[in-house]
Every structure is written in C-alpha cells, then in structure tokens.
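Just below sit the structures, each encoded as structure tokens.
One chain, chain A, links the two complexes that follow: it is found with chain B in the first and with chain C in the second.
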Partner chain A sequence: MILQLAITGLMVGMVYALMALGIVVIYKCSSIFNFSHGAIVAFMCYLAWAFLVQLRLPFWTAALFLLVSAIVLGWIIQVGILRLLIGQPLLASLMVTLALMQVFGGIVTLVWPGPARFYPEIIPTGIFNVAGAVISYESLITLGVCVLAFLAFMYFFQSTKLGLAMRGTAEDHQLARSNGIRVVQMFTLAWIIAIITCSLGGVLIGNMHGVNYEPVSGLAMKALPAVMIGGMESVVGALVGGLLIGIFETIGAGFIDPLVGGGFADVFPYIAMIALIIFKPYGLFGYEKIERV
Partner chain B sequence: MLKLNNIEVIYSSVILVLRGVSLTLNDGEIACLLGANGAGKSTVLKAISGLLRTELGEVTHGNIEYNGQRIDRKDPEEIAKMGITQVIEGRRLYPHLSVEENLLIGAYLNPNASDVKKRLAQIYEEYFPNLKVLRKNVSGYLSGGEQQMVVIGRSLMARPRVMLLDEPSLGLAPQIVKQIFQIINKINSDEKISMLVVEQNARVALSIAAFGYVMENGRVVLDGAADRLRDNEDVREFYLGLSQVGAKKSYREVKHYKRRKRWLG
Partner chain C sequence: MSKRPSGNFETSYAQDIAICHTGFQQVVMALFLVCLLIIVPLVSSPYILSVFNIIGITIIAAIGLNILTGYAGQINLGQAGFIAVGAYMCAIMTTHLHLSFWLALPLAAIITGLVGTLFALPSLRVKGFYIAVTTLAAHMIIMWLITHGGNVTGGVEGLAADPPRFGDFIFNTEQHYYFLIIGLTVLLTYAAKNLVRTRFGRAIIAVRDNDLAAPFLGINVFRYKVMAFFICAFYAGVAGALMAGYYKMITVEYFPMLDSIWYIGYLIVGGAGSIVGTIFGVVFLKLLSQIVMWGGPLLGEVVPIFSAGAVSGLMQFTFGVIIIIFLIFEPRGLWHRWQIALSSMRIWPFPY
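Now for the complex of A and B:
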C-alpha cells in the first residue's frame, strides 16, 4: 500500500514539478506570474490530439509539430503582447496572462467542443507487479519523461552560457543589459521554454486523464502550490515542491479520504501550502533578499 | 578616443541634469570626474554607456563619439559590444550567482569559449588572486572590497577598450580603497584600457588620473591635467580639504569664511 502510494505520488509529483518549472522560468526572468499556465497546458494537450488524431500524423512528426507550435506561441505571446507592456506597471502584464487564460479556454471550447477525447495508444499500456505494488508502463514512462526533461532544463540553466544569461537577467535587468544581454530576448526564451514544458505536461496529463479542458488545466494549476512551496525563483524548488505536492496528494487520497469520505486529496496540497508559507514565506528555496549585516 | 560634445541630458522629458558637458578621454589614459553629489557625474557615465536609456533619460543636445562613431543613440547592448563597459555605482552584482558566474556573465558577448576561459584564469592570476579562492561563493555575501573586485573583474572579462568606473571607493575602508586603486592603475598600465573614473574621493582619484574634470550643477566648471588640479586653490579648498597655506584646515576657529568659488565668478 505505502509503496504503491509512493510510486504514484512520485509520478504525479514529477508532472507537477515540470509544470512548476514552467511558471518559475517566466517568473524568474520577468517577475510575471503566468496565470494562463493551466489553460495553455490544456490548449497544447488538445493541439497534440489534433495533430495525432485529426491530422493523423505519425507520433514523431506530431511531436515535432507540437514543438514548433510551442516555440511560435511563446514568441507570439512575448513579442506580440508582453513586449509592448515593458515599462508599464507589472499589474498590466499580470492581467494579460489572466486574460490569456480565458482566451485559451475559449479557443479550446470553440474549436474542440463536446466531451473528452482520448489519445491513440502512444505509450504502451500494461502493468506489472513489484513487491505487491501495481505499476503501469504508462506511469513509468511518464516519470521517465519528466525526469529527463527536468535534467535537461537543469543542465541548460546551470551549465550553458544562455542559461547563465537567463539567470543573470532574472537578477538585474539593467546590469544584464550593460553586459550586453538582450533582456527582451531572454523573456522570449523563457516563454518558449515554459510553453515547451506546457506541451510535455499537456500530453502526459492528457494521456492519463483524457483530453478534457477542465481536469487538464486544473491539474496543471496544481503547480501553484508546488511553486509556492518550493519558492518562486528556484528550479530546484519547483522539483521539490512538485514532488511534495504529489506525495501530499496521494497520502491524502490513500489515508485521509477513506476517513472523511473523499475529496480531501484536492485540498490537502493547498492546506500544506498555507502551513508552509506561514513559516517560510519565500518558500523552501526561494530567494531571500540578500542583505549583509 | 571618446569625445562628449556639449551634451545635454534630460530625464523623463522634464528634469534637466546635464547642461552642456564636453570632455575627451584619450586612448589609454585615466581621466577623473570630480564633483559634489547631484552634479551629474554618474549621468555622464550613463550617457556614454547607454544605460541612461534604461532610466528614461535622453541625450537631447550634442553628441557622443567613440573612435569617430556616434554612440549616443545606441542601445546599451550595442555600446557594450563596442568595448565600452561601465562599472555601475554601488557594487552592483548578481547577488545570487557565484563569483565565477558573475565573472563569466561579463564575457557574454565573447563567443569564443576557450578565450573566455583564458581570460578568467588571467584575471584570477594577475589582478584578483582572492577571487580564485572565493570563486564558488555566493557573491551577495562577500565583503564590500571583494564585491568591488568582482564587479571590476566582470567588467574586465569583456576585454573592454574603455572602462567607466562609478565611485569605486564608495563605502570602502581607506586601506581597501588604496588597494582597489592600485589594481585600477595596474589594469590601465598593463592593458592600456582608457578609464573615466567618477569619484568623491578626490585625493585618490587625482593620484592615478592624468587629467581631471570638476563638475557642478550639470556643467564642467574646471578641467586640467591632474597635477595642475591638485595645485589649484579651489580644488584644494573644496575637494582636498586643505587651506591655502597647505596646512590642514582648522575647525577650531569660531567662524570660518568660505572662499568664494572662483568658477562661480
């Protein structure tokens, strides 16, 4: 039972961590909290379905198409909308992301109305038993994809020049410009990276729960407590926060739901978030303001 | 050669900060810019490096030329690419990044990775041996002097031809100020980088500079070779704290009459 819950928790947690990464990347660079994250995840989830089922593309072609759409979409949002708001109050950009949430929700219901859809079998199904726990290939592959994606992004931020430039941009825009870094390009890059994580998450969540706007965007927004717990500026925080939320949730589902009659799994992460924020307002790994005393 | 021709700078379209500043920085030379708070010294540097534009400032009259090319309409990124770097006032670093990351980011515009590595080793070796020991530390927690070294080192990583230093002595102990200025002098003589140094500490600035400008209320009121400025009566009185005779000024007198600044006449 515990092993089973731990494995599920880990898998769900890694998906949340990937979602949280998407939010953190944008927040770090441009101090904008992307409220439209969940809606974009759902949109990309539908887009993948359209490529696979409506256009009948083979898997890898569809994947390539999805990647290109993610890049184009990130570029449009940054260059077409948010760049024009640079120098304006941050609230304006924040409102734009709120509006984008509605826009993407609207597009999805407009283009793909009706009940949930399902991906063709893109991941082999089947289960096997390990020490009494039932593990599906699906969840194993989901876990693997998330871990690989996370490692790739970590490598990008820690060990490449562009990653360093992005972290520099996150700290001080004026300074970054004086070092020759084009800050607006870094914003665009941040949005593109975020939307790539959205696409990955959208496909993985859609594969588990069906291609359906409400559950997919709702699940993706579980990244919010993950980000708050991990800290707004930290990639490691996104990982830890996501895993913690996944584990809290499965513990809630496994142990507390039977006692209270269900539904507790959904609120447990938020209760944990409130409890943690009271003691660590910056989150576990968020930037505390460095002040030398 | 860097030349400012009679520039006027206005912030937010209304605040007139520089009213016709002209100065020249010859290749390989150190010049210093002295003046009281609010005289417009930092604004001069920002006008050159283009950072003015990130603060809603604008060069409204006159022009800035670097090697014959006009740069006062360029973005800070382009100006950085031309080899002009500014060491911003107040030891501005990327506080959450390590010392080495801070230095590496200074070489962002250099596409040649092995050259960057070479430069990093050179900076550790020749100028800032302490930084090599501290290279993994979070830069925000370093001492003031060490931070100043990181900031100067980051600027050097870009292999600049012109360095604009904004108050490198700010908030540092006299001993450290001396050390920092020795390093600045060494950089200048080793690499022939031209430097424009803004300072409140006139004594130390005039000791390394070849040429000096004194600013007041957005204008250059006095300029000349550094040793001539050191002997100038007004500079001695108002910036070096010496009375005419050369002895330290006495604060014991009940009243002292301030000299009228000649340049106001």
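Now for the complex of A and C:
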C-alpha cells in the first residue's frame, strides 16, 4: 500500500514538477506569475489532439508542429501583450495572465466543445508488478519523459550560454543589460520554454486522463502550490515542491480521504501551502526579499 | 481634474471631498435616484428588472472588493468564495435555524467578515502576490468545506433558502427584489463612498501606496489590512445573503473560481480605487455578457463547429480579451475616461 502510494506520488509529482518548472522559468525572468499555465496546458493538449486525430499527422510530424506552435504562441504572448505591460503594477501583471487563462479556456470551449477526447495509442499500454505495487507502462514513460525534460532544462540553465544569460536576467535586469544581454528577448525565450513544458505536460496529462479541459487544466494548476512551496525563483524548488505535492496528494487520497470523504486530495496541497506561507513565506528555496523605503 | 469650468475654489476639506459640488450636480443626483428607485421598477419588464437585480448584487460584492483591492491594494482572488460563505450562512440560518431573513442577512455578513479576517492573517508576514495566492487557496478551501458539509450545507445538491418576508408579504417577484436589492446597493454604495473619505480610507490608501512608509505616518498596517479584509468580506456576505434570498436555492455552481476573476475584472474595467468606477465596470461587463448571450447562438449558426460551446466559450474569450485591452490601453478604467469626458464637457467648446 505505502509503496504503491509512494510510486504513484512520485509519478504525479514529476508531472507537477515539470508544470512548476514552466511557471518558475517565467517568474524568474520577468516576475510575472503565469496563472494561465493550466489553460495553456489544456490548449496545447487539445492542439496535439487536433494534429494527431483531426489532421491525421504521424506522431513525429505532429510533435514538430506542436513545437512550432509553442514557439509562435510564446512569441505572440510576450511581444503582443506582456511587453506592453512592463512596469505596470502587480494587479496588471496578475490580471493579464488570468485574462489569458480566460482567452485560452474560451478558445478550447469554442473550438472543441463537448466530452473528453482520447489520443490514439502513442504509448503501449500494459502493467507489471514490482513487490506488490502495480505500475503501468504509461506512468513509467510519463515519469521517464519528465525526468529527461527536467535534466535537459537543468543542463540548459547550468551549462549553455543562453541559459547563463537567462539566469543573469533573473538576477538583475539592469546588470544583465549592461553585460549585453537582451533582457526582453530573454522574456520571450522564457515564455517559449514555458510553453514547451506546457505542451509536454499537456500531452502527458492528456494521455493519462483524456483530453478534457477541466481535469487537464486543474491538474496543471496543482503546480501553483508546488511553486509556492518550493519557492518561486528556484528550479530545484520546483522539483522538490512538485514531488512534495504529488506525495501529499496521494497520501491525502490514500489515508485522509477515507476519513473525511473524497476530494481532500484536491485541497490538501492548498492547506499545506497556506501553512507554509504563514511560517516560511518565500518557500523552501526562494529568495528572501528585503525591502527598503 | 477640475470640478467647475472656472477652477476649484474650495475653502475646506469637507467641501473638497463632497459628493455633489454644485446645485446642478445635486439636482442630477436626485433625478438619478428618483429614476433608479421609483420610475425604473414601475415601468420595466421582469427581464430588465432581473438584469438590474443581478447587477445590484454584483455591485455590492464588487464594491467590497474595490475597498480591499482598489483602495487597500491587497489583491483578493477569492471573492466568489466569500460570497458563497455569505449565501450559505444565510441559507443555513433561515432553513436550519428558522431565523428571519432580516436577522440572517446581517449575521451572515458579519460571519463572512470574520472568515475574511481569518484569511487576512497571512498578511502579517507576506504581501502582494502571496496574499493573492492565499485568497485563491481560500476559495478552494471554502468550496471544499461546502461540498463536504453533509446535511448542514447540502453538499453538491445545494441548499434551499427562505425568501425574505414581512409578516404575510413574501418577496417573490423581480419587482419586490428590485426594491430590496437596489435599495441596499444604493445604501452600501453610499456607505462605501463615506468609508473611503474617512481616516480609515486615507489610511488604507497610504497602505496601498507604500506599506513600508505607512507605519511612519502612525498607521498600523496590519490592523488596517485586516479591517479592509473584514469590510471586503462583509460586503461579499451581504451580496451572498441577497443571492440566497433571490435564488431561493443555492449550489456551489453559483460560485465558480471564474467569478472571482470576473470580480477583479470589474475593477480593472471600471477603475480600481474608485467606488463609482466599480459601478461602471459591473454595468459594462454585465451588459456585455447579455450581448454575448444573444450573440453566441448567432455565431453558432454562422460557424457550425462553434455551436455547442458558443455562449460559454465566447463569454470567456470576450471577457479575457476585454481585460487585456483595458490593461494595455486604459489601465485606469472607464472611470478615468468618464472624468476626462466630464471635464472636457465642462470647458466645452474650449480645448484646454
């Protein structure tokens, strides 16, 4: 039982960690918290379905199309909307992503209404047993893809020149500019990276739970407590926060739900988050901000 | 911004903050109130009155939110959750405890205020974005408690509420509710307008503008933040109790997460930090949603693949686009445009 819960928690947690990474990348660079993450994940999930099923593209062509649309979307959002709002107060930067959430939610409801859809079988199905715990190939591959993606992004941030430029942008905009980094281009890059993680997460979640707006965007928004717990500026924090939320949630579902009735898993991360905000406001790995008048 | 064509010549603070500065303004205000409270309910059809009623309830909750978000600068993404608390409190008190609606309404409002205060406690340590996230979590937690409240809240099936009544006279038509809702809206708008012109109002504006500098002016920042939260949730509670009485049957579906975002949207469109602006924002977006409700099926006919999700999808989409447009082109909202229009009307035909 505990092994089973731990393994499920780990898999779900890795997906949350990947989603949290997408939010952290944007927040680090441009101090904008992307509330539209869940909606964009759902949108990309539907877009992938449209490429695979409606246009009947082969898998790799569809993947390429999805990548291109992620890049175009990131560029449009940054250049068309967010660049015009730089320097506006917190309410504006918060509300613009909430409005984007509405826009993407609206597009999905308009274009693909109705019940859940399903991907054709991209990943072989099947299950096997390890010491009494049931593991499916799907979740194993999901886990693998998430770990690979995480390693790839870690490598990008730690060891490439572009990644260094992005980290510099996250530190300080003015210092980055005086070192010849094009800060606004880094914002665009951050959005593109985030939307690529969105597409990955969208396909993985859609493969597990069906292509459906509410559950997919809801699952992706679990990244919110993950990011808050991990600390908003930290990639490691995203990983740890995501895994913690995944484990909290499965433990909540396994042990607390039978006591209080279903659905506690859905609020448990938020209660944990509020408790953490009160005692350790900047999360486990976030920067503590010191303000002066 | 000039209040008179020749300039302002106020000699006291009271004159400066007066609602009506000239006799003409007083006459216009009086005419407006007579129209709103007497002529409109007598001549309008039930459909129009129902739109007014929903706008009235929304204005009450949005004004509360404006005091917290627009004046005190604390972003609240959980207003729908607080409204739900008010609605359920009112329904529980009238259905389970058999209290009169007139007692349940203020009690529900006060209890909602206290719930709001509870979620204001993190503001002792954090601010800005973190407060927004706390209120978002508050919405989730409140909704979970309501769905799992068993017989007390009726779970997902919802709860019936007793309509307001005076003896044998029961409020059961749109017109009856119009007098109740619009009457309370006018009263609470006036109360809010007065509130933000007092010491409390000036203090929360100071907290909004710079909460590091505010303590040096002798303002207890935490206390005023908590008070602002209380007032915001109190207004939400009144709106919720009115909703419970108006719909007679409430379920969690009346209080989606989406509504909390719409409430912030009202402030953006109307103008955050302006009581009158809130009214502009609510009226503008509510009328827009009426237009979308008519236009959605039309779009569905023109483009058949859109037909199934036309109204809800188009509503969300339009709302998002309107908010983005306002944020980019007029972040100060319709209220600011109204001021510009008024002052250019005063000095007309001169362009200065």
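As a working rule, the second predicted complex is superposed on the first by the 284 of 293 C-alpha atoms of A that agree within 3 Å, B and C clash if a C-alpha of one lies under 4 Å from a C-alpha of the other, contacts with A are read in each partner's own complex, and residues count from 1 in each chain.
One rule holds in what follows: a residue touches a chain if its C-beta (ideal position, glycine included) is under 8 Å from a C-beta of that chain, and two chains touch if they have at least 3 such contacts.
These numbers come from a predicted model, not from an experiment.
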State whether A:L175 touches chain B only (first), chain C only (second), both chains, or neither.
first
Quick check on the superposed pair: does A:T125 touch chain B, chain C, both, or neither? Answer first, second, both or neither.
neither
Which partner reaches more residues of chain A, chain B or chain C?
C
Between chain B (first) and chain C (second), which does A:S159 come into contact with in this model arrangement: first, second, both, or neither?
neither
Applying the touch criterion given at the start, work out whether A:Y287 contacts chain B, chain C, both or neither, answering first, second, both or neither.
first
Looking at A:L90 after the superposition, I want to know if it touches chain B, chain C, both of them or none. Which is it: first, second, both, neither?
second
If you stack the two complexes on chain A, which partner ends up touching A:V111: first (chain B), second (chain C), both, or neither?
second
Once the two structures are fitted together, what part of chain A is touched by chain B and by chain C alike?
292
Contact residues on chain A for chain C in the complex?
33, 81, 84-85, 88, 90-92, 94-96, 98-114, 224-225, 228, 260-261, 263-264, 266-267, 270-271, 273-274, 277-278, 281, 291-293
What does chain A use to touch chain B in their complex?
161, 164-165, 167-168, 171-182, 287, 290, 292
Can you tell me which positions in chain B touch chain A when the two form their complex?
49, 51, 54-55, 75-77, 80-81, 85-86, 88, 92-97, 101, 104-106, 108-109, 113, 138, 140-141, 143, 154, 158
Inside the complex, what are the residues of chain C that reach chain A?
69, 75, 77, 121-122, 125-126, 128-130, 132-134, 136-138, 140-141, 144, 147-148, 210, 212-213, 216, 258, 261, 264-265, 268, 272, 305-306, 308-310, 312-321, 323-324, 327-328, 331
